[in-house]
Each structure stands twice: as C-alpha cells, then as structure tokens.
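Listed after this line are the structures, all set down as structure tokens.
Two complexes follow with subunit A in common, the first pairing it with subunit B and the second with subunit C.
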Partner chain A sequence: MFHQPVDIETALRLRGERPDATVVNGCTDVSVARNHGMLHPREVIDLSRIASLKTIEHDGDNLLIGAGATFAQLGKCHLKALREAALSVAGPAIRNQGTIGGNLVTASPAGDGCVALLAMGGDVELASAARGSRWVDVRAFFLGYRKTELAGDELVTRVRVPYNPVTRWYKIGKRGAVNISLVCAAVARRTDGSFGLAYGCVGPIPLFAPKAERVLARGPLTDALIAEAADVVESEVAPIDDHRGSADYRRAMCRTLTTRLLADIAKNGDQGDADAFSAGAAA
Partner chain B sequence: MPSALAPLPDDIPLTRITCTINGEQVVADAPVDCTLLTFLRDIVGLTGTKGACLEGECGSCTVLIDGKPVTSCLMLAGQVNGRTITTVEGLADGDALDVIQEKFVETGAAQCGYCTPGLIMSARALLNDNPSISESELLTALEGNICRCTGYASIVEAVRRAHRELKS
Partner chain C sequence: MTPQSTKTDAPRTPEVTIPPADHLVGKNCKRVDGREKVTGLAMYGADLFPQAADLFAKVVRSEEAHADIVKIDTSAALAVGGVLGVYTHADVGGTNIHGLIRRDHPALAEKRVRYRGDAIAVVVAESERSAEAARDRVHVEYSPLPVVATMEEALSDGAPRLYPEGNIMGDKRIRRGDVDAALAAAHCVVTDTFHTQTVDHAFLDVEAGTGIWDGHTLTLNAPGQWVHEERRLIALALGIPVEQVRIIQPVTGGAFGGREDISIQIYLGLAALKHPGKTIGLRYDRAESMRARHKRHALKIEYTLAADREGTLTAARITVHSDEGAYASTGIAVMRKAASHATGPYRVPAIEVDVYGVHTNNNPTGAMRGFGACQMAIAYEGMMDRLADALEMDRVALRKRNMIVPGDPVTTGQRIDNASVHECLDAALAKFNERPYPGNDGLPPHLRRGWGMSAICFGLGYGDGFPDCSRARVEINPDGGATVYTGGVEVGQGLLNTMMQIAGEELGLPFEKMHVVAADTELTDESGSSSATRQTYFTGNAVRIAASELREQILDVAGKWLNVHPHEVTLQQGWAFETANDANRVSMARLYDEGLARGYSFKATGLFKPRTVPEVHGTGQSPRAFITYLFGAHVSQVLVDIETGEVKVERHIAAHDVGKAINPQSVEGQIVGGVAQGLGMALMEEVVYKKGRILNAGFTDYIIPTIKDLPPVEAIIIEHDDPGGPFGAHGVGEPPLIGAVPAILSAIYDATGVAPDTLPVTPERMWRLLRMRDGVPVPV
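Then we have the complex of A and B:
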C-alpha cells in the first residue's frame, strides 16, 4: 500500500494504525537505505502531499516551520544560520526534496539543519492520533545515535524557533557542494543575551555545548571570554576518527569555528540576519 | 553494493501510478519500494535518465517534477502520482534539439556522456525558472551534478551560451 494523505489528521491516523509502514516525505534518506538493500518498504505513508506541513509562519516571537518545509524553502529563511545550513545541504535537486522534519527524524550527527536548530534553541512538535500533540525541546529530542524522542505512532509536525536570534553558521567539508560535514558549527545570540553553540559530526548525535554557553553568559563578548568558551567547547565535543577526518582535527576545528563565529557576532552583530521576514515567501 | 536497477524482492506489493511524463499520460503499476529512477527506466522504458551513485552524490538521475529538479534515485515512484515529469527525452521536438542540448553539442560538453542528461535537466530547470541569472546562480544550479570526466569548462560554457541565447 502506498498512502498519500493530504491532511495531517489522516496521516496521524494511518501512522497509528500502520506501525510497520515506512514514513517518507522528501524520501532522500529512506531511498539511500533502500538503494543499499537495507530497507524494502512494503507499505509507505508519503507525507509530501500535506500542504499544511510545508508552511513557514511567523507569530511575532517565533518562526513556525512545517516539518515538510524543504531545504530549498529554508534557503530563503531570514535566519542566517538556518539559511546557510540549508543551502549547504547537497545540491539544488536534493534541496527540493529533503525536509527539516526528515533531517530531525534521521537524527544523523551530520544533520546540518539539526545543528542550526540546536544553536537557536526551540521546540519540535510531535503529534499522534491517540495523544494529540506535544512540544519537545529540540535539545531533548536526540537521545542517541539515530535515536530520537519520536514515538512509534507519532509524526514530527512543526518546529518552533525564536524569530530574532543573531546567528552564524560554518561547515567544513571536502567540497563546496554535495558536501557531508566534516565538522559544522552554528552559534546564536538570543534576544535575552544568552548564547547557543551547536556542532555536527563531533559525537553520536548533533551536539550542543552547555558549559561553554554558561561561560558566554557571563558576558560581555570579549576576545578573552570567547577564547575561554572555545577552550571549554573542546572538552564538550566527542569526535571520532573516520574516513572524513581525525578526531583531533575535528576538535581543533570546533575551537576555531567557535572563535571565528563568536568574534563575527561581536564585531558585526545582526548583520546578515535580515530584518524583513522573508521566509513566508519561501513556500 | 546492491543496485537500484537490480531485481526487487518479488513479494513487494504493487501500487498504481498515474502521472504525466514528457506530455503523455502514463498509467503503470510499480512495486511500492520502486524508485522513480527504476520506474522511468525499467517500467516506462525511458532510459535517457541515468543512475550512478544511487545515494545523491552525483546528480546523473536528475529529472524535473512540476518544473523543479529532483534526484530520481532518491524518491519513490509512488510519490509522483498525479505529477508532471520531464526527462531528457522530453526536451527535443522531433529532430529539433532543445537550446541546451544544442549548446552541449556545440561546445563538445560530453565525453563519456553519462552525466549529460542530468546536467541538461539541471540547466533546463535553472533557465525555466529565470531567464536572467548571474554566473554564481548558474554555477550553483549545476553544483549537484558531477562530471567524472571533469569536462566542467565546456559544460558550464554550454549553459552560459544557452542562457545568452534565451535572454536575447
């Protein structure tokens, strides 16, 4: 059976009734597993026809992103880190397919979108037909290597992030495009002055750095404080050696990226996070 | 590595797909887990679209859905139900080549030719979207397509020439 619900209620009912069905939206990660012979779905719930999952809205304080918003859509978002992370994913064709909800559920340590969300902070809406919806802090969503808080009968429906953080993003990889992160980092200064620091490919899940964030909370954002935070970040990440790069290199790059991105915020502030809300035009 | 073109497990249920491919309505059954790439090549018989990496690294399987480029190896055939698909076979009008194809011939932008259909479809999507683009937009539009023969200079030049011709 190939289900193509056009509304979220039907999708949630199907998810509850068909625990063995494979849920897809952009389907890019599921297709790779399928092409490698690891998965041959016999029943599919395709979420790509649900228009309400694709919207990006603004409620004043928050940006509400439908789980089916594609990286192409997020590539027009006003939040610099989220926009640049989205545009660093694969190439234009895959950015038309892959979605932020899929990025979260796949929960790869290299999930660029996840890293941007972790830095900004926010919540993920999980919904089921049986229990309605609940909001989970994005920082509590990733439980372990490709394990998340999502229950078997739930779907990710929306992501809520603060509307006005000052954000920065950088990805290190081997190519300029179609580039899986070797290390990536996102930083955010929220409107209350607190900082978010997040990193990809330096642990089993996308990581954030609460101890370094507490260092930065002492403020103001001087070179000395940035250096102290970057030191702490090195002790908070847990990279491994693999074919893309060594653990030592990744740890060193976490320090470098933290320093550079924070220094850029200290110097240039919100330059780059456009004032005008442009995400709505992206749908 | 098992191939997307290898035989599928034979107990996968079928799903009925109705879509428009290159202007013609197609109604066909495909296994639930069949990719769009396999559907186009093995069920519909349009072998212009190529499969290579089968994991989204190369872009050789690029086709257009409702005018937008997608990698056909990374989606399921059932997902195109009701959609309009354009493959490289849909560009020429009889013997009259599409301007992008013409310029690929003119600049000699194919060596082994395996990446060519995907590159042409990425370029087609770009020029469909916006006839007036910058050099960096042009390069970004092609960034998801690898040419293993490294013939990028003549490929990019072909797309530049097609762009100039469409703009004038």
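Then we have the complex of A and C:
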C-alpha cells in the first residue's frame, strides 16, 4: 500500500492507524536501505506532497522549518552552518528530494543536517492525531543508534531554530560531493553569547559537546579558551574504527575542526569562511 | 569479354560543385553513437530486458572466501514459484573452465571455492524476482578452509595453499648489466617501498545481457572486450562448437579492462541451452558486479635506485609482489608488463627486476587500464623525486638528464626510435608556466601548495611475441558510401568513429556516407581485444589496408569512366574526378554500379599482424617487446590541508604523443577520462577486503571522483607520426591514467615534504604521514 496524503491531518490519521507503515519524506534513505535488502516496506506513507510541511518561515526570533523542507531549500538558508551542511549533502538530485525531517528521523550519526541543528540548538515538533503536538529539544531527540524520541503514532512536522546565531560548518569526506562524512562539525555562537558544538560520525548518534560548551561559556573566545574547549571535545566524542576511517583520526579532527571553526568565529564573526580550500583556491 | 558499362546515359556535366577536400583524419567528426547515448536511446545490456527476455537468470555465489563444497542442495530453490531450473557444474557440458591466458577458473565451482564471489549455480525463473528468491534458497554446504587474506599471509611459512603447487603463481624477471657492482660504485642510493591498492573498474554499465539458443546457434548479446575470444571460451566451457556461438556486443558503457575476463556470458549460455527458444536475461547489480569481477592488481614494489654524482642513473633493483587473487586471469601478462616498464622512460644501464605473482583468496586480479605499467610508474616517478631530494638536484633536471632519446633502450633493452618524452615534459611544463604559479604566499597556515610532474612510457599492444592481429573489411555501398566491418568493441573510447574516419579519409568520402558494423562474430572478422591501447593502431591499420585496396578498385573504375589514368583521379567528398579537370567527374554512387558491372567486388579485407619478439627467458630482454611505445608527461598542482589531510587537485596538465589524433576530441576525452580515473586511484579508490570479503562493494563506500574533484584538465596533444600507425596514429587509451597518478603524488610531496608511498592518499593517510613527519606518535 502506498499512501500519499496532501494534508497533514490525513497524514497524522494514517500514521495513527498504521503503526507498521514506513514513513518517507524524500525517500533518499529508505530507498537505499530497501535496495540493500535491509528494509522491506509493505506499506508506505509518503509525506512529500504535503505543501504545508515545505515552508520555511521566521518570527523574528526563530526560524520555523517545515519537516518537508528539502536540502535544496535549506541550501538557500541564511544560517551558514545549516546552508553549508545542506549543500554538502549528496548532489543536486538528492538535495531536491531529501528533507530535514527525514534526516532527523533517520538519525544517522552521519546526518549532516542533524549536526547543524544540534549546534544551533532548537526544538523539533512532533505531532500525532490522538495527542496533538509537542516540542522536543533537538538535543533530547536522539536517543541511541537510529533511535529517536518519535513515538509510533507521531510525525515530525517542524523544526524551530534560533534566527540569528553565528555559525560555521565543516565536513571532511573522501571527495568533493556525494560524500558521506568521515567527520563533520558545526559550531554556533548564539545571540546570548552561549556556544553550541556538534559533531557527526563520532558516536552512535549525532553528538553535541556540553562540557566543551561550558568551557566556552566562560568567555571571551581567546586562543587559550578555544584550545581548552578543543581538548575537552576530544574526550567527549566517541568515534569508532570502521572501513571509512579510524577513531584516532576522527577524534583528532574534532579537535582540529573545533579549533578552526571557533577561531574563525573569533576572528571574523558572521563574515568568515572556514572552507579549507576556498580561502586558498587558485585563480 | 567487354564489360557492360552503365555509362551510356550518364551526364558528363556537373550539376553541383564538388565540396572542397575535407580530411576526416584529424577532424572532430561527431560521435556516430553520441546522439543515441546522450538521449537515452542507446540500448545497453541492461536495456535489453525485461521486454526482450522471456526468462531470467541469477547466479549463486560463494559466501566463503576459501572452502570445499560438501553439498549443493537446490531443492528449496526449485520449490520457489516460477523457478524453472537450477544448474550447477554437473549441468555444464564442456570444460566448465575459463581464463584469458591460463584457463583455471571454473565457470561454476565444483569442489572448491577460492573467493567470495566464485559462482556455484545458475537459477532460471519466469521473473527476476523469482530468480532472486531461488538464488537465496540454494543451500551450499561448505567445509571452510583457512582464508589467505593478504600476500604476507600467502607467503608466510605454513600458509594454507590455494593450489597444490603453492601460492606463487609465477614470476617475471629482468636482468641487464651488473647491478651489484653499480650499486657498490654509486654515489647515491635511494630505497623505498610502495603499496598500490586494489582498484575496481567502476564502469557505469554493470554486466547485463541476453542469450538465446535456437537449436542451432547460441546468440549472446553480452558486453565484453573481445567478442571472438569470448566466443571461443564460451564454446569450450559449454561444450558446443565455436561456430554455433554468436556474440553481439550491445552498447557498452565503459570497460577499462573489466570486461576482458568472462562475466555473464557462460551463465547466459548455460541457461539458454537449457531453455531452447527462450530469451534469457541476466544482469548483475553493482554489488554483484564488484563481488564477481576481477580487479586491478595491488602491488608491493620495493625499489632501489642508484645514481652517480651528477645524477646519472646507474642501477635499479626492484622486487615486486603482486596480489593475484584467487585465479590467474591475465595476471601473468600484467606481471610481465610491470617488469618491462619497471624503469619507465629512463636510461638505466644495470637493472634487476623480480616480479612475483601471489595467490590469495581475494578477487582474481587482471586487466585494468595501465595493466601493471601504471603501478610501476608510481614507483619509478616516486623514486625520481626521492633521488632528486637525496642529490639535492632539481626534479626536472634529474629527469631530463636520464630520459631516453631516440635510439636509447628501455627496461627490456628495446631501443626506441620515437622517444618523445622530452618533448612531452617540455610541453607540459610550458603549459604549466603559462600561468604564474601562486605558491604558498597568502595561504592560511593550514594549507600548503605544491606541484609535481610525471614522465611515462607505455608499450602498445600485447607484445612479447603474443599473436596480436586485427582484421577488417570495408565495402562500398550502392549509394556510394562505405561500411566498415570490425570485430573491435566500442566501449566508449571512440573506436567506431576512429575506424569510420580512417576509411573515409582513404576513400575520400564525407563522414555522413560512412557506416560501421562492429563486434558481431557473425558479421565481422576478428580484430583482437579493445585493450592494450591497441585498437587505433591495429584495427586502424587493418581498416586502412582494406580501404586502400578498395581505393585502388575505385580508381581503376573511375579511370575507365573518366578516360584518364587511375593516378590522374582524385577522390573527394564522394566524387571521383580528373585531378586536372574537376568537370570530368563521376559520383561514387554511379561508380558503384559501373564497378559491379566491370566485375569489381568493391569489398576488401585488411589484415594487420606485426611481429613482436618474446623475451629471453631469465633476462626479460627483447629487441622488440612491443610494436611501438607511447610517451606522455603530466604536471599537477595540489593544495593540501595539513591539518585534515585533505588534498585538492587545482590544476592538471597532461601531454601525450598520440602519433596522430584521428579524432582530437575523442583523444582529449580519453586524456581527461584517464586523469579522472588516475585522480581516483591517487586519492580515493580502494577495494577494502576483510578476510576475503569486500567491505565496500558499492558506490556508497567505493569512492570515485566527482566533477567537483576534477580541475579542468589541460590536455596537450602532441603529434609525431608513428611510421607504423594508420596516418601516423598510435593510441592513447592507457597512458593518461598512468601519467596522472604519479604527478599528483609528486605534487603532494612538493607541497608537504612527505612522499606518499601507500595508495590511495586519503585524508586520513595524508594526516598520518604528516604526523609521522612531525614526530607525533600515531597509533596504527
């Protein structure tokens, strides 16, 4: 059975009635899992035709992103980390399909969008037909390897992030596009001066680094403070060795990227560009 | 007898002007297959079904890397709805063995499996889905044997033996001069060990095709690289006469050596023989394609290079171990090509090379673009950079001091008349210097820029006395155009255009009047394989020979028609006319009728079969190991992030002497493609095994370059007529890849001061090298 509701109410009702159905919103993860024989969906609810999930709005303080917003849409976002994370996902074709809602629910440790959201901080709106909607802190959303706070009858409907943080993003992969992170990092300085640090591919879920963030909260953002925070980050992340890369490298890269991205914020505020090669690219 | 002429009512006055001469050789004639390919109309193997197939086959593959087969239970598979048959070795009528050089690879394993991909059974069903379900229900009981996962394991004392005679598949040697004495007397000796990786061909078009047995002929539409040899191998393995097998090559999306070994053909044939009158479809998915197919050899190259005080090379001692995987494939020829190219385009008076092929339980390794010469270029060019450092000499000067000039010998002792490597390197450097090198000024502290180079040579064709020939046929058509018939396989490289343009040039026909029929064993004669950079040279020559014989026929007939001597006739744009008076003319279409009436066939065949000379056993020397040599040089500029280890190629210049570019655009395409593939090998691509299991059998984790990784490649085509080639052409297929990898590594060395010795140079490997340089302990 394939359901393709065009409004959220129908989608929520279907979700409540069919707890075993596979929900897709872009289907870029589920298709791969199915092709690899890891998933055999018998019933699918496709959210990609629900127009109200596609909107990106702001209320002055927050950006409200519909769960169906694609990476192509987010690639035009004013928030640097979110924009660059979105543009680092796959290639144009997949970015036209894949959505932030799908990225959250897949909850891959390599979820580039998740890492950007974790650094900025914010909430995820979960809705069900029976119980209405609730907002969950994005930092409480990921529970374990590919496990989230989302209940069986719920759908992710929106994401709310602060409108004005200063952010940076960096992804290390093995090539320039269509590239799964070896490790990625996002940092954010929020308007209240607090910092968010988040990392991909260094644990079972997209990780943030509260201890290092507390170090940074002591401010001001000097080289010494950055170095201290980067030290702490190394102890907070929990990478493993796999065929893509070693734990040692990933841990070291968390330190390197933390240092580089924070130093860039300290130096350039909201003007900088941490892309390794664009700074030195040949004419 | 007077020939009956058709001339009586022919007008003698021209109605149209003859277009000016238009030389097809050297012209960017549009690819004859281009439009269909870019619009999706071209029928690749995978496009031939489901519509065209009645039944579907799937292959059961070993889940063990090394095991004895105790029992194959097909009962559960046969019980799957829609399943019509499950076939094992017992159902194969012939030898059940294939292999291009040494026949050692069972088509369907009987007693033992030697890699995790060895085929065991073929399932045939009414739908692909049923076939898949049944494939997964064939129960194979194994008695596992110890897995030989690496060359080190294979060579260790008490290692399990893959074959009764041991794990060494063979060896190849070069002996020239007194290496011991030269090393003792040398001013400077550098030594290093290189590790090249297992690489997959990663062609776009995975193995797929159809087969049907009509009771008399087994017809296979299946992509290979040498349809006539595949026909022989299939006939032997299946036990049917070779003349009852017909192979037709579907449109094919890349090969790179990956289609040289048999893939789907025998399975399709077996299924077709069991289900007469039914068209069988078989396709692999990417994972199966990677699991089943042979790979590029991973080489361990221990290299010692010596020079005198001025930097003149005096000796090289080289030991190579080559991971041959489970079966021979073309391994023995790859080993020879590695040995014969061990010192590249340099004069080295004393050489000792030992190449050992080592069996493991990894995938068989065989042909891939570069064929052993590619890995050796990484080593000899890497050594030139290391030697330059040790001698505190300029890298370019050291190379130029030692590069061969016409008449000098290469590794095999063969003296090279057309050595143009100096010119290639000069051209690449000149292009590089056209733009100011930005250097490291103004870069953030974590970035380092560098540039490097490579100079390479490549022996064209099979070489070493191996029979190597091409046949071709050219016919004039009733409309005055011509059709070229060649057994050569178009795999994307541009063979069709090359042959059409060569014949059209010879016959003075416009490209629009040219047609081609290729790679159908029923309709075309054998043209050897599309490999070894040989088709332009070999089949090109055969086509030219056939076309020039046709040209003589046409000139004879035209001379009679025009009442002039044949040597006073010009063929141009589909017209024959008196050279001194183009009003005295006749169209080719009319000449066709005239010629037939006069008893001319207007058909001609060409055979090109030059001789090479086998190596002297033990020394590896040969006065003519290869029919001709190709030269090239690259310059690459990179930016390295010394904190993350990321490498970005900023510029890449590739200069190649191609003899003559028959179609310059296709030549440039080959150069750009070779650089892209070389960039992948240098920085990204690696098949990762764990106990014989491929961990990255798919494009999620087998990383090949994207357009974002490749800078605009600056291709330089150098043309020095090769006296033995058609219109002076020799070829371009493999050298661009061979040149690309070492140039990128050389640039990394220049940028960082660290010389990479293990491929690919992934960010993590680069980072580890830099940490080691800086004395930071790095856990392995």
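Here, the second predicted complex is superposed on the first by the 271 of 283 C-alpha atoms of A that agree within 3 Å, B and C clash if a C-alpha of one lies under 4 Å from a C-alpha of the other, contacts with A are read in each partner's own complex, and residues count from 1 in each chain.
In this section, contacts are C-beta pairs under 8 Å (C-beta built on N, C-alpha and C of every residue); 3 or more make two chains touch, one makes a residue touch a chain.
Predicted, not measured: the structure shown is a model, and the values here were computed from it.
**Q** State whether A:A51 touches subunit B only (first), subunit C only (second), both chains, or neither.
**A** Once the two structures are laid over each other on A, A:A51 reaches no partner at all.
**Q** Which partner does A:T256 contact after superposing on A: first (subunit B), second (subunit C), both, neither?
**A** After superposition on chain A, A:T256 lies in contact with subunit C alone.
**Q** Output check: A:V32 vs subunit B and subunit C. Expected answer is one of first, second, both, neither. What do you get?
**A** In the superposition, A:V32 contacts both subunit B and subunit C.
**Q** Contacts for A:G91 in the overlay, against subunit B (first) and subunit C (second): which applies, first, second, both or neither?
**A** In the superposed model, A:G91 contacts both subunit B and subunit C.
**Q** Identify the partner contact of A:V178: answer first if only subunit B is touched, second if only subunit C is, both if each is, neither if none is.
**A** both
**Q** A:A140 in the overlay: touching subunit B, subunit C, both, or neither? Say first, second, both or neither.
**A** neither
**Q** Between subunit B and subunit C, whom does A:I240 touch in the aligned arrangement: first, second, both, or neither?
**A** A:I240 contacts neither subunit B nor subunit C.
**Q** Is there a shared patch on subunit A that both subunit B and subunit C touch, and which residues make it up?
**A** Of subunit A, residues 32, 36, 91, 176-178 contact subunit B in one complex and subunit C in the other.
**Q** Would you pull the subunit A residues touching subunit C in the complex into a rising list?
**A** 32, 36, 91, 172, 174-178, 180, 182, 243-246, 248-249, 252-253, 256-257, 260, 276-277, 279-283
**Q** Over in the complex, which subunit A residues touch subunit B? Could you list them?
**A** The contact residues of subunit A facing subunit B are 1-2, 4, 24, 26-28, 31-32, 34-37, 39-44, 46, 48, 90-94, 96-97, 176-178.
**Q** Could you please specify the touching residues of subunit C with respect to subunit A in the complex?
**A** So the residues of subunit C in touch with subunit A come to 438, 442-444, 446-447, 449, 637, 639, 641, 643-646, 648, 650-651, 683-684, 688, 690, 695-696, 698, 700-701, 703-709, 762-764, 767-768, 778-779.
**Q** Mind listing the subunit B positions that touch subunit A in their complex?
**A** Of all residues in subunit B, those touching subunit A are 1-4, 8-9, 11-13, 15, 32-33, 35, 54-57, 59, 62, 68-71, 73-76, 78-79, 81, 122, 125, 140-141, 143-146.
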